[in-house]
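In what comes next, subunit A is part of two complexes: it sits with subunit B in the first one and with subunit C in the second one.
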Partner chain A sequence: MLLSFDHVTKLYGPVVGVNDMSCRIGPGITGLLGANGAGKSTMMKLASGQLRVTSGSVTLGEHDAWSSAAKRCFGFSPDINSFYEEMTGREFVYAMTRLYGYTAREARERSEQALVDVGMIDRADRHIAGCSHGMRQRIKLAQALVNDPPILLLDEPMNGIDPGGRRDIGELLIAQASKGKTILVSSHILVEVEHLADSILMIARGRIVASGTLSDVRNLIDDQPFTVQLVVEPSRRMASLLLAFDEVNSVEVRGDTLTVRTRKPAQFFARVGELVMRDAIVVHKMVSLDTGADAVFGYLEQGAP
Partner chain B sequence: MGFDNTRYHGWTGELQSPWISSLAIIRVALLQVFRRKSYWIVIALGLLQFLIYWALIYAVNQVNFPHRVQTDILKFMGFGSTTSGDGNGYIRFMRQQSVIVMILLAFAGSLLVGADFRMNSLPFYLSRRINRMHYIVGKLMAISAIVSLMTVLPALLLFFEYGFLTASFDYWIDNWRIPVSVIVYGAIICAVLSTLIVTLSAYLQRVAPIAITWSSVFVLLGSMARFLRSGDGSNYWGLIDPWRDMRYVGRLCFGDLETQEQYDFACWALLVLIAVCSLALVALVRRVRAVDIVE
Partner chain C sequence: MNLWRAFVTLVMLSFRRLLWSASTLMVAFPLLGCALFLLRRRYTFGYEGAAFGDEQIAFGHFSEELVLLLFVSFIMPICALAYATTSIGGDREDRTLLFLLVRPIPRWLVVLAKLIATLPLVVGLVVGSFWIYCRLAGPVGRMAFDLYLPAVFYMTVAYVSLFHLFAVSFRHSTIIALVYSLFMEILIGSMPGIVKRVTVSFFGKSMIFEMGADHGLQPPNPQWFVPMTTRGAGMALVAISIAGVLLTLWIFSRREYRDLT
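Entry: the complex of A and B
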């Protein structure tokens, strides 16, 4: 099912939440990245029908996000850590399932299944007050999965979960996505989104600054040099050789470490290979410093209006 | 860990109405209140009072006390004409139970409503098939359920006990207005207390401010009313005392008013309660939003 934002603007009085945002989010996992205050939570709340747009429209399939029909189409896991401390995880998930309108028996079956899927079935009778942060995240995920929705809206689902748990949750989301679900994951853990998401949506100051795969987005930034760090011997000779190339913008030398900025990474790497073979340069280490989401996002945020 | 979500089967049945889904809110609320051991102290007070009335009614009907002793017992306990079988006893019982309920709600308001706002848990509700009206009605009904369990239900049980002990259906037939009045009066108490506590809790959120404000509404306003009434002697200052308003409306329900002045006051009291509850509802609807906008 498609989640669509069509020229959506949301104003909180004089404060702009999102500004003329348009995008289509289809099946698969889409990572929603942005700094604090960028508009990620606003986007999530608009999609989940908790906020009404100031202008434009948000639709889930053919349903307006504000409608009752749309609320059957998604599961939402908010970025909240404290809720109903006296209830057990099982009771909480069951109560949230009943709010969908399922009968008691159906709600019981679905909540049990959701707890199995998130790995909480053996700890479901623990009171939420006694649950760790990671366990609470799993419970939140369970209540989002109970109605087997075609769209999942997950706000910081990996927060506080140990690496093993993140792997499990990641596998769960990938399995859900393989069934054709549309999953929007908002996160500050950029590395996790990088490895999980099929596509990325980057927002800054209420606007979408980039969308696509991470490499597509990176390639779009043609006015931002690519940064590579090399540990080589002899470093100064290597630096002088690299500066002769047109595609190299700058070379910074610190001991044996060179920090090179280039606009054409493919050509650059080929050149480095030739130099190593021809001039007997010893390369101890070569790493790209900004292929990750952090760097890409940093570039894009700087350029956001 | 392998995941197999083929066990989720497609739902072919009819989803229940969102209004029925709101019953889940009531269930959760009752679970939260009755799970708190500290609240059981207050609930036990209400239960104790009910048992005392129950025992008194039984004793007066079944034990052959001399009339003077019987009267003295009633006066000593301060129950007045509780066991006379007319409406007075039920009004007094429900009013006394309301005091206990008021104490319970001063603390339960933060748990049942304030926590939703303090912990920002509204998205859990509003991302479901219910909207804010369902949420509000669910919370109001949850509070009303608690109030009814401690006022209306015990009063009805006392009514049935009294009739049962007379060993005939005459009491129930002759006094059929009493359970109707109990239910109507109970509905008014539920409406007023639930609207005020839900609205207060939505805005104040924490236990201490709610308890202080809640107490001020029912204690301070009463004292102010008495002070103002002592000034110019006008009985209508009593309209600012919500306890007095509810008491007179209760007497109106039971047909217990003796003078035209009391009847007029009761009508005005009803209007005041409706106006206050309406304003509270408007404030509540504005407050229930998924996003708290800080200006």
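Entry: the complex of A and C
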């Protein structure tokens, strides 16, 4: 099922939450990345029908996101730490399941399965008030899974979960995605979604600044500096040769190590190859320092309008 | 998936959570205080006709002191606001409302479920405590219960409806409802002229004065307080209740609650 944003603008009085945003999110895991205040939560709230668009439309399949019909199509794990604290995890997930209109028996089966899926079944009888942050995250995730929705909207689902738990939840999300579900995972810790998401949406100041796979996004940034570290011999000669090229912005020399900043990585790597062949320069090591999502995001955010 | 089942689940869930909420503890103190006052008043001075030499005088004292001053002006609005504002306002302040808004239940039905969960609780508590007080007061109390029960019932429903409207409209609805009950109702309700007709208590008191008139009950200052007929006041309270419910449903179904996340 497709989650579509079509020229969506959301204003909070004079403040722009989301600005003329258009995108289609299909099956698979899509990472929604952005700094605090970028518009991630607004996008999640619009998709889950908590907010109404100022202009444009948000649809889940055929349904307008604000309608109650759309709410059968998604499960939502919010970025809040509020529950019915007096309940146990099991009671809470069961109560949330009953609110879909299932019979008691069906709700019991579904809620138990969801607790198994998120790895909470053995701790489900603990009162929520006494649960750790990670356990609460799992309970939120469980209540989002109970109706087996085609779309999952997960707002910072890894927040507060230990590395083992992250791996478990990552595996769970991948398993859900393999069933053809559309999963939108927001995060401001980029490495969380970098290894999980099939595609990413990067937003800044209420606009989508990049979308696609991480490498696609990286290729979009042809005018942003790209940092490469080389361990070469002779390093000073290599530095002087590199500085002669237009695509090289700067070269820093520390012993045999060169830190090169370039605006055109593809041409740069071709030049290095030529130099190695022509001038008998020995390259011991060559590594790019900023292919991670953090660097990509940093660049994109600087370039956002 | 069945909408009716989801609705009933929400009603039951809300009722259970309200019953075991801090609101129950909050209303327990004034209810108990009122009972103690009543017992002291009865056994020290007596509401029996003999103590005043006239049952009509005793009835008048009971009606003015307990029914009008304590119960209608204080106990009833406190009970109504304790539950009515918490029913949706508590979920809003705790931000658990979000879990309800992302379920496939139409918004108006969510707030209707909350209202239906609240109403029997508040009506049961108010009418039940009124019955106990009237029994504690002796024969005049029993007579007062029979006469004033419709007024108490209609007023309670009107307050529940009004405070739900507050809860969907304002973030800190409990405080606003408290200020409204203790100041606006009393202040405006005490003003001369027709301005007092914007308060719920005016219509309730009108019913009480009309029903108690045959037993000698009169407004303390008849020039300032000209009661409506019982029928007219009852209809006004029903109209307030219906308008309050409809407005509550309408506002809640359209409103964004941006403070939930």
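By our rule, the second predicted complex is superposed on the first by the 264 of 305 C-alpha atoms of A that agree within 3 Å, B and C clash if a C-alpha of one lies under 4 Å from a C-alpha of the other, contacts with A are read in each partner's own complex, and residues count from 1 in each chain.
Criterion: a contact is a pair of C-beta atoms (placed from the backbone, for glycine too) under 8 Å apart; a residue touches a chain by one contact, two chains touch by 3 or more.
What you are looking at is a predicted structure, and each value in this text was computed from that prediction instead of being measured.
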Superposition on subunit A - do subunit B and subunit C clash or fit: clash
Which of subunit B and subunit C A:Q113 touches, first, second, both or neither: first
First (subunit B), second (subunit C), both or neither touched by A:G13: first
Partner, of subunit C and subunit B, that touches more residues belonging to subunit A: B
Partner chain(s) touched by A:I80 [first = subunit B, second = subunit C, both, neither]: both
Partner chain in contact with A:E91 - subunit B first, subunit C second, else both or neither: first
Contacts of A:N159 with subunit B and subunit C, given as first, second, both or neither: neither
Contacts of A:D168 with subunit B and subunit C, given as first, second, both or neither: first
Clash-bearing segment of subunit B relative to subunit C, given 4-12, 58-66, 166-174 or 202-210: 202-210
Shared subunit A contacts, counted only where both subunit B and subunit C touch the same residue: 12, 45, 48-51, 68, 71-72, 74, 76, 78, 80, 82-84, 86, 95-96, 98-103, 143, 147
Subunit C to subunit A touching residues, read off their complex: 1-6, 9-10, 13, 17, 20, 94-96, 98-107, 256-258, 260-261
Residues of subunit B touching subunit A in the complex: 1, 3, 5, 7-8, 10-11, 13, 15-18, 20-21, 23-25, 27-28, 31-32, 35-36, 115, 119-131, 290-291, 293, 295
Footprint of subunit B on subunit A - complex, ascending: 12-13, 42, 45, 48-51, 68, 71-72, 74, 76, 78, 80, 82-84, 86-87, 91, 95-96, 98-103, 106, 110, 113, 117, 119, 143, 147-148, 168, 171-172, 175-176, 179
Sites on subunit A touched by subunit C in the complex: 12, 41, 44-45, 48-52, 68-69, 71-72, 74, 76, 78-80, 82-84, 86, 95-96, 98-103, 143, 147, 155
